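Look at the two complexes coming up: chain A is in both, with chain B in one and chain C in the other.
Here is the complex of A and B:
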């Protein structure tokens, strides 16, 4: 009689431990995979690379970028379409700005920006390139520059700023 | 009769001892399971940040563009690729230094541009870009802290390259 009772208690105990371990594993998996991947850094770099490839080919800056106002999205075959979630609109999640400065090779002095109004997207995001917004809770900024030549051999420094917001999807 | 009673008592005592030992084993086993689970869960809970996609960056298209434009400036490519030339001239070196330091100096911790002549004896010092101690000749491995993070090179001739290293 006693032995039978002992067996029942041990079985119950085993089930309890089994449940405890299974619940723990499920909870840990949910905890780990419940957090989203933050791909915004890669996304902003890819965006900058795309813009840089569009501006300069073989080391020469395309003339239209130096001459007049152009539509960056059309010129570089980009669109800001985003998923229809979180109340996003394409314009609100991205910002791109291209700054082109003449570079004097005799004095090595950078001239004032050629104003072509080369920017597109949500202008309010441009503050997020500052150091104080480097935490993952803020939009991600990629700011890089390169040296390029004009058609006539003149030198320029090009600065490309790409910012991706999409905080709701990439940060928990 | 007393003897029999003594034997029975002794058996009961031994049984109780055995039962207690078994109970202690189960209790200890339970505690170990709970503690291991607790540790695992708390380690995971500490990592509250989102999982960042860390893609090793060993190449930078902006650095390539700068290097190509630099070589196209004032015919520098022809000058540097000529046979026997193994270092910058005063003009080409000053221009390289101004361009690459100007663009990258504030963004990375180390910038080096120079020639890579022989694979086994990399020339890692020139008058315009001082040697950076943790560059390993021509090798880029993100895992090693003694390697360049970004390296781009353009062929100037047989076994002769011009290279840019950006170290963060």
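Here is the complex of A and C:
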């Protein structure tokens, strides 16, 4: 083989390598910029905070939460309607559950739940709080609790579970 | 013999030039692709829509929030007014920086929300009021 022929083979090899490098760069850029921003964790935290602020003002739990069934959406000024995309309007993309337990400050014993049926949204989402669904491909679950006092000075433990789905707009 | 030598040298030079040109074209295409992805308005629309939705979700009645949108001002299409790039419909934030499309993201805060642009300061002012208070 002459020198000119060798040069052509080297050029072909060179372009092959260039294409491989370019394909790698394009793939990585597409992967990085193609992924949507995942804001569901912040959203679920904001939802939990809103519920907590609604239940307790200055550490005192509002009486209506301890007494009977209330509409969480109305009470806490929430709107769970979402944009009409990905067939989202069928089932809610949110779920909230509030559990209130009496808490004895002397014995540190948590009593049985005061059943007020304080939940709203898509009930099917509550399974996603289990550990096996902790991957980002699943709905995001935020479980938090705080202590509060009743009007009569009795203490309570309040658990707030808030779940945000919106998977299609936050995960590729 | 002499003539043949000259033409071979000419071939080598042309081949090298073509080779360099092809490499340059290849690199330019790659860089253009990278910039088109980085400078994409679609990405910016998504970022702004989600940020504004999160701000509204975390806000309490009585708050007035000034949201800087200088990047949007620099990158929006020429035919679009700054005051028209962000708006609210029911409980959804819409952001539109180009004629190609818009990005919509919903928020759960059901208080009275108003969004107004101020082109001179390149900001958007988000006001949260209690329902029926405004």
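Simple rule for what comes next: the second predicted complex is superposed on the first by the 139 of 172 C-alpha atoms of A that agree within 3 Å, B and C clash if a C-alpha of one lies under 4 Å from a C-alpha of the other, contacts with A are read in each partner's own complex, and residues count from 1 in each chain.
Everything that follows uses one rule, which is that a residue touches a chain if its C-beta (ideal position, glycine included) is under 8 Å from a C-beta of that chain, and two chains touch if they have at least 3 such contacts.
These numbers were taken from a predicted model, which means no experiment stands behind them.
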item: First, second, both or neither for A:28, with chain B first and chain C second; value: first
item: Which superposed partner A:18 touches (first chain B, second chain C, both, neither); value: second
item: First (chain B), second (chain C), both or neither touched by A:149; value: first
item: Contacts of A:42 with chain B and chain C, given as first, second, both or neither; value: both
item: Partner chain in contact with A:83 - chain B first, chain C second, else both or neither; value: second
item: Contacts of A:94 with chain B and chain C, given as first, second, both or neither; value: second
item: Chain B versus chain C as contact partner of A:54, first or second or both or neither; value: neither
item: Partner touching more residues of chain A, whether chain B or chain C; value: B
item: Chain B and chain C footprints on chain A, overlapping residues; value: 36-37, 39, 42, 49, 53
item: Footprint of chain B on chain A - complex, ascending; value: 13, 17, 20-21, 24, 27-28, 31-32, 35-39, 41-42, 45, 48-49, 52-53, 56, 58-60, 105, 108, 110, 136, 144-149, 153, 155, 157, 160, 170-172
item: Complex interface listing, chain B residues touching chain A; value: 26, 30, 33-34, 37, 40-41, 44-45, 48-53, 55, 57, 60-63, 65-66, 68-74, 94-95, 98-99, 102-103, 107
item: Residues of chain C defined as touching chain A within the complex; value: 11-12, 15, 19, 22-23, 26, 30, 33-34, 37-38, 40, 43, 46-47, 50, 53-54, 57-58, 60, 90-92, 104-106, 108-111, 130-131
item: Complex contact set, residues of chain A against chain C; value: 4, 7, 11, 15, 18, 22, 25-26, 29-30, 33, 36-37, 39, 42-43, 46-47, 49-50, 53, 73, 77-83, 85, 94, 169
